[in-house]
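Shared between the two complexes below is chain A, which pairs with chain B and chain C, respectively.
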Partner chain A sequence: MTRIRCYWGWVAAAIAFRILLICFPKNLNLGSRPEVATPLTSLRRLAEGYWLKQASMSPYAGSMYHGSPLLLSILGPFTITSLMFVIVDFVTAMLIRATGQKLMLKCHQSLQFLNLSKLVEASGNVEAGNFASLVFLWNPLTIVTCVGSTTAPIDNLMAVLAIYGACSCLAPLAAFGWVIATHLSLYPAILIVPLILLLGHGPDAPPLKLFQQKNNSASGSSPSSHSHTKSTQTGIQIDYFSWRPVLHFLLWASIWSCYVLVLSSISLKGLGGLLEMFKKTHGFILTVVDLSPNIGVLWYFFAEVFDFFRNFFLIVFNMNILFMLLPLAIRLKHRPCFLAFVYLAISSMLKSYPSVGDSALYLGLLGLFANELAGMQFSFFLFCGYIGVSLLSPVMHNLWIWRGTGNANFYFATGIAYACLQTVLIVESVSTMLKYDRMLRKHITT
Partner chain B sequence: MALEEEQKPKGGVARSRLIVRLGAFLVSHNVFVSVVCCIAGIIALLLLPVLAKNTYISENALMPGSANPAFSAQDVMEANRFVKDLIDRRTIEGTGIEIPRLIGQHMAGVGAEVYYHKFWPHKNQFHPLHFFSCAPNTVTMQSNSSCASVGVNSIGIIRAPRGDGKEAIVLVTPYNPWKIELSEALSLGLAFSIFSLLGQVSWLAKDIVWLAADSQFGEYTSVSAWLKDYHSPVFFSESGKMNVDMCYEYNSHQDWDRITVNWANANAFKRAGTMAAALVLKVLEKKERQERDSLTIYAEASNGQMPNLDLINIVHYLAVHRQGLRVKIATIGSLLNSVWLRSIGEIVQRLCRFAKSLDPRWKYDITSADYVEGSATLASSMYYQAIGVPTGSHGAFRDYQVDAVTLELSPWFSLKNENSQSAFLLRGGRLIEGVIRSVNNLLEKFHQSFFLYFLTAPNKFVSVGVYMIAFALLIAPLPIVAVAPFSGKNKIRLSTDKGNQRPGNTCTDEIEITIGSWKWLHAAKVVFMIHLWAVIVLLLPYFISQIPYISPTTSMLVWVAVAISALLIVYLILGSPYSSDCEWALLKSIMIAAAFIGLGLMSIINFSTAQIGALIVVPMCLMVRPLKRHKEVALCTRVMLMACNLVLAVMGSPPAALLILKGLSEGFGRVGIGDFWVWAEFLWIWNSATYLYLFLVHLPCWALYVHILLHP
Partner chain C sequence: MYMYACMHVSMHLKPYMNRCQALIMLRLTTSNGGSDAPYTAADTPPPPPPLLMATHLHRSAALLLLLILSHVLVRPVLASGGHDGGGGAEEEEFSEELLLKPLSDRKVLAHFHFQSTALPSATNGRHHRLFPKAIAQLVEKFQIKEMELSFTQGRWNYENWGGSDPMSSTNAKPPGVELWTLFDLPVTQVDATWKNLTHSLSGLFCASINFLESSTAYSAPRWGFHPNSDNLRYGALPREAVCTENLTPWLKLLPCRDKAGLASLLDRPSIYKGYYHSQRLRIVSTKVTGIVLEQTLTVVLQPNVKRNNPVSSTEGSLQPNWSMSAVFKKKITGQCVLAKASRVFLELEEGLVAELEKRVFRDSWSNPLFELSAMPDREIKEINALQDQSGSILYEFKVANYNEYEPLDVGMMWKVPLVWSCPHAPFHVSRFLMGSGNERGSLAISLQSTQSHEQFLGGSDACTLQVVVFQVVPWYVKVYHHTLQIFIDGKPQTVSDVIEKLQVTPSEDKLLPGTLELMLRFPCSMHSATLTLDFDKGFLHIDEYPPDANQGFDIPSALVSFPGFQSSRSYHEDDSLKNSPLLLKFQEKHVMRSYTEVLLVPLTTPDFSMPYNVITFTCTVLALYFGSLLNVLRRRIGEEERELKSKAARPGLIPLLLAKLSSKLKGRTDESSQSSPSLSSSSPSILGPKLLFKVILIAVLAVFWNYYLNNG
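Moving on, here comes the complex of A and B:
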């Protein structure tokens, strides 16, 4: 197993680097970049909402702010410095690390049970948790999101919290993370499928069929062996879908959502009720009202489309995400954490106001599967593509907005390239994961 | 069951997607593809003058030359009177105040709103984080500048009778009030006569702003200072502005009072809406005699930006077809007489004739002389774009998205001759009037025609769609060669799979491959560290320039010394630079990928820089190979490869390349080490993206090239 040398040193360096960058807010001016700050996550808009609320007006008046009223109360006084987000990033990284350790443990157990531990030794395993948290912390996109004064780190923290809670079978925690994440940015709502699978089945493991095969062969060859009977028991445990934590989760989720709604209505008391909140936050997300350019593809499309087709295409684009949920859930039901990663990547590709913060999240989670995805094709291509697109996007924006020699198509082209890259990443990672499972099966049968 | 599983992946490989198979085919023939693409790219570059199209006016609203010019001999007389006035004042003391005042008086005389804009000369300073911001980085010189070093622009605004005051056309005439020349006086006179004519016409729909720019600190400085104040309102809390006013009151109390008494608010900044276009007028007396009055157009702004082609088109159309001027744009003179270019021209001419004989619809007939001239013009156009420094004060306008050109008129006869001077003024005046009338017709911002183009003659251009082909062909081999090592591994895997079908072996093979597919990360680390080093080298001049009283040579030596020691430190951090887990082939492919991304980005920011850079970087990327690995090839090829590599290694390093080029053009005696420092300083004070390119793309590429050459 390859260990990462001086892990804590790297973590400390990442935090120090962020604090160093925070010292130059004027020079970097990341908060005004369309790639970093979206209408939903911009901290400047939050400051405006906070100001409106202080002046006892609805924070949604003036159509600047589109976030949660709870964020106003929590973040409102701290809009000047993004020091808080450094802490948020650190906590997220630690949660990813803990999740990775849980996953590793499970992976080792199941591989040992399948008598494939030699595979682990041969392939030079990395510690997934440490690796993923370092990938998350040192990802330039994460750093830019953290320094660029947006609320995206909090959204990411909540999504990771939900996954961590489900991995360690803490239904209240998972429910809390899920409810808050949904409340803040709506799209994490689709994480409910992997969360239920996680709570029911436990963390990622090879397909169930393998265990059954192994059980059959084990009972057929040497039923008397002590170790085998023991592992058969664990095998049966894996097989079993436990409904109890799932029901717990659902119960807690309803409690937390009631709680959040009550808190929101208290904080919006007399300033326009919950209905306006839903209209201005989730409604704003679903109807793609703001057509200012971002790295997604929807703004351009809805700027071009005729008004009488608008509703139809809104339905099409929003359903697009939902269509993919079921097939993926069926195919990847034995790997719920990976499923969560795929869902997050898909939603970040198809959401209405994407930012680099979303890719920061799923790229961080990608590190959790470093061992399984070691044989991924096009890794070099994807790496270069991400670097190229993230450099190209500001240049095209400059050409369009500041120099005036380019036009909207220039910037949209980088949006398309970015979407293509994400597609390739998702397709390749899913197919590599399936190939990995196939390889396991091959080793068992031969 | 097991057999089925075995066959599945193999079937998958055979039936892999078409695009992947095409890619694999290209990659497997990468040497052939790269040689063909590079040669094709260079040929396409040489053919650009042939592929140039005639310009045409694509905005219909412009309607150039549709009205008869109203500029008459009377206006010329007025101009002459004004010029005489100016020349008379030349001898009086304190012309620095007197001439702006005189201009202001004349402006007011034709019914314009007048004000004076005072500005401090700005000292350009290097700031690491301000590239690509709109205006160049200027820091006001606070200390040690006496009050005399304040520039005064006089600005007159004619409000359009048919306009709503939301749009304006700007006329700029740079002149030096302390030492006014006859040619400057003539340009002022010309501008004044046009201005007074426009004060009377009824068709004006856009306000006319005449900026008589004080060019004692350089033409660009005054115009950019005025534009900055025009676009960013300054309030009185800012101390710098107050200083200027106070200083002026103190220094020339009486003179200034007279002006302020005449016009109550002569110092209040007035505006006239967004600028549709700007014309910078200059008159220049040429040394050599010519048969006609001529007009030279300068258009290159900072970082290779060009004004909309329509603006150049109307100027060219009116100058040639209405006023009979000879229109020129800058060329590189030495290329006009070069033998090799002429021989290429001969070949091209023959090829064109041959092509025409094949199909008469191909209209590529170009004579050898035309080709040579077109190439020289193209080369100069490319050179000025690549440097990224504006060729005149029109560059300041481009930073605010205003299309602007400099029109440099030069008479065919001596300026002192009164008769020819009048005829010259009449032509010039009619030309400017026509251009302004055309722009006045414009309904929206210039947008119809091209922004991205090269000129090969005043009426011929190469658009972005054509010149990008040459560039794309040149850099197309880079991604193909970059992925070659990765596909090579796949090939090995296939052969081992076919070779031994035993399941045990495939298992270990696959594990090895799974590690192998991420092996490039080690090489990526080296490349990343080299790029980090390049960033440090890029930022060093900022700190070196803080040291007071340091000569360019010393600065350069300090720069090089610190850079090399930083490189050594980077190597120390990395451990052994040539550790066993870092194969040179992977290193090469990552270096190529980085260069490809860099060149691609640069081609969008400043195409010319990328094109010229690609001519050096692409061969470097494709040829690189450790010197010790040449043993397996034949002797003559080995010697040739080695020679090529060494030449590239020397020519590729930025300082050596600059010094050799300079030595070749000016003689090696006058070349010093400090020249590179001076040149780099020149680039960064103008915020040229070329500076960034040189240190973020070219330098790391060269460093990695040398690194790989020395690889054991």
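Moving on, here comes the complex of A and C:
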């Protein structure tokens, strides 16, 4: 197993680099970049919402603020929040690392149980947790999101918290992360499927069938040792879905959501009720009201589409995220963490106001599956594509908005290219993961 | 109205013609003034069919003549009858006045003021003698308490044309259309009534006032625009072009139109040639006084300079000589007979009077500095209560004294070059945009002190000045109110120290414009102050852009008023002054106010020719994602392995393709004999029944479809 040398040194360097960049907020001016700040996550809009609230008006009056009222109470009074986002990034990285360690443990256990440990040793294995957390911390997109002072790091933290909580079977923590993440940006709501699978099945493992085959073969050869094997392999639950933690999770989720609603209604007391909050946050996300350019494709689509088709396409685009949930869940039910990664990637591609913060999250999670996805195709192409798009997109934006020499189509083209890249990444990673499982199965059968 | 209806019917509906004629005859007999000709015209028997058309025309022409005749004859009789009927003349009044004023920058201001009044409708019913019925109906239907509508082209030059006199505070208007209305209605009905009102007005004045109907176009200011205004709605269309098509309906409201009286001066080419043109309509309606309709037209014109060039002197150039006939190409040939008062005033500003006093003895229009082309009937002096400074002087000309043979032609001939300055408001206000690019910018309002407040307030250190800013921004200019910054003499100030009162209605996307009402308090010693607000530019749907999207979008003028300063003139109390609505208006106290410039904000445009491309590209990407992911998920291990095995068994891809191609080329009949035995043995045996089954299936489906379609 290859170890990452001086891991903590790298982590410290990443944090130091962020703090260094924070010292030049005016020069970078990242908070107003369309790639970094969306109408949902912009801190400038949050300041406006806070100002309105201080002037005893509803923070949602005047379509400026679309975030949660809780963020307003937490972040509003602070003027320097950048340092807080560095801490948030660090915590996220640590949670990713812990999740990775849990995944590694489970992976080793299951592979040992399947007598495939030789295979693991053979392919140069890396410590997934450490690797993923470093990928997350040193990803330029994460750094830009963190330094650009948007609320996206908090959204990411909550999503990672939910996955970590589910991985370590802490139903209350998982429920908390899920509820807050849903409250903040709606799309993490689809994580409920992988979270339930995680709590029910435990972290990622090779398909259940393999264990059954193995068991069958084992019991066939020596029926007496079956019970013994099962008791010794404590980490692996070959028995089926366990409903207890799932029910726990659901109970806690309802408790937390009640709690969040009560807190929101308290903070919005006399300023406009919860209905307005839902209309201005989740409604705003679903109806794509703001047509200002971002790195997605929906803004231009809805700026150009004929008005009478608007509702139809709104339904189509929102349903498109949901359409793939079930097929993916059926094929990847034994790998809930990977499923969560795929869901996050899909939602970041199809969400109405995407930013690089979303990419930062799923690219960080991608590191967790470095071993399984080692044989992924087009990885070099994807790498170059991401670099190319992230360099071209600001240039096209500058040409269009600031110089007036380009036009909207230039910028939209980079958006399309980015969507294609994400598509390729999703499709390739899913197919590689399925291939990997097939490979395991082959090893067992032969 | 009755006559009109009748004429209309007679022109268009033949069957009713006889009845209509009968009615007219009835009318004529009652008026005791009919001649024999109408009788003969009406008595002619119906003509034979072939001549129907010609006679019809002939008959309608005769009818028209008859109607005009009867109108002319009936009118004086009715009028005199009303007069006799005891206090009838008091019910409705009309007066016309014109104020001419030389401006310090070699231009001439002409301000027409027409006022019609009608007592409350209960006393005189639905009929009006002088008052325009359209306006009376408008007031009645929409329960208007106060309304002002202005059409303006050009910008009032506050530096050269005056900023503190009643003329500039009440008649200087922002470019385009401005409409505000105070309703006498419960709050819940105000918005619906406003929408109806805009439609009525747009029909009445041939203007696109109906664009103010949409909730994104109007606002409800609380105190920044008008004091105690709960039911007030304010809307402005800065880009509305003003032309004769708006003036004609406006003139229609006058009893003499532009056929007689002062309005006959309104020669279209000369008034639209000017630097500033503002046509205003103001309605005030109360239960006690009834409706007062005030129509004003303010134009700033440039007199023809060429003729004056030869007369130059060493002290600089002379002010241009001007006269009505030179400026308007017309003279006044008499008053509108229906007007109670018809006067022309010539005003000399304070600055000019002070300059005159410096050079010659006081007063008298026959002085060595200039010469009037007509003898004024009276001279009215302003009393300046504050200091013993010279006040403005008004020369009054009574139009009634002039007639066609002896027309009135007021003018000034300058003999000596004179330079004077006009009265200024305490601050010069201007507004501008900062920043570049199409993503964001800043809005700045700058106030430059003219130091003229010293004469109002004295120069003590502790004194403060109140300034009220009222600004409406469209929703696509998304203002961040927390970024409000105030600089006094270039130094940033704590916002809460300067702001006394603040009222913000933030803009809602595609729903509401943003309204900002600010009451500021500045120290008197201040020289300049600047307010800045950051904003983001919105991005619109392609349908929301106007046809010339790249021109940019207009932000309506902001209004800056100075509550501590009143603009009013006071004259010696005189009976004749009470008869002059214009002078009464000048004596009213008004808060000094100035409008800022209209701002042009360029917004980013999408590609307008792209909708289909964008839809197809986006959908392609989505289909790519959906299809390929589904394909990956659908693929089964077993199938793949089988496929691999079969691939291994087959001879290879290229020979297979070649074989297929050759078989296609040679046709189906040859296929069985020519192609490889493995294919020939399998394909006919499988294809035959399969094809048959498919054909039968489609046939059954077609039969079902047909059956159901016929039944349905």
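In the analysis below, the second predicted complex is superposed on the first by the 428 of 446 C-alpha atoms of A that agree within 3 Å, B and C clash if a C-alpha of one lies under 4 Å from a C-alpha of the other, contacts with A are read in each partner's own complex, and residues count from 1 in each chain.
By our rule, contacts are C-beta pairs under 8 Å (C-beta built on N, C-alpha and C of every residue); 3 or more make two chains touch, one makes a residue touch a chain.
This one's a predicted model, so the numbers in the text were calculated from it and none came from an experiment.
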Legend entry - Greater residue coverage of chain A in the superposed arrangement, chain B or chain C: C
Inset, instruction - Identify the partner contact of A:340: answer first if only chain B is touched, second if only chain C is, both if each is, neither if none is. - result: neither
Inset, instruction - Considering only touches as defined above, state whether A:52 meets chain B (first), chain C (second), both or neither. - result: second
Inset, instruction - Would you check which partner chain A:289 touches, where first means chain B only, second means chain C only, and both and neither mean what they say? - result: second
Inset, instruction - Check whether A:14 is in contact with chain B, with chain C, with both or with neither, and answer first, second, both or neither. - result: neither
Inset, instruction - State whether A:404 touches chain B only (first), chain C only (second), both chains, or neither. - result: both
Inset, instruction - Considering only the touch criterion stated at the top, classify A:181 as touching first (chain B), second (chain C), both, or neither. - result: neither
Inset, instruction - Would you check which partner chain A:88 touches, where first means chain B only, second means chain C only, and both and neither mean what they say? - result: neither
Legend entry - Touching partner for A:438 - first (chain B), second (chain C), both, neither: both
Inset, instruction - Could you pull out which residues of chain A sit against chain B in one structure and against chain C in the other? - result: 402, 404, 438, 441
Inset, instruction - Sort out for me which residues of chain A touch chain C in the complex. - result: 32, 44, 47-48, 50-52, 55, 57, 61-64, 289-293, 297-307, 317, 320, 323-324, 327-328, 330-331, 349-350, 400-402, 404, 407-409, 412, 416, 419-420, 423, 426-427, 430-431, 434, 438, 441
Inset, instruction - Would you tell me which residues of chain A are touching chain B in their complex? - result: 24, 27-28, 119, 122-124, 374-377, 379-381, 383-384, 387-388, 391-392, 395-396, 398-399, 402-405, 435, 438-439, 441-443, 445-446
Legend entry - Contact footprint of chain A on chain C as seen in their complex: 436-440, 475, 478, 480-482, 502, 504-510, 512, 514, 536, 538-543, 604-607, 610-611, 614-615, 617-618, 621-622, 624-626, 628-630, 632-633, 635, 637
Inset, instruction - Using the touch definition up top, name the residues of chain B that touch chain A in the complex. - result: 1-2, 5, 8-9, 129, 132, 134, 305, 401, 451-452, 482-483, 486, 503, 507-508, 510-511, 513-515, 517-518, 520, 524, 589, 593, 596-597, 600-601, 604-605
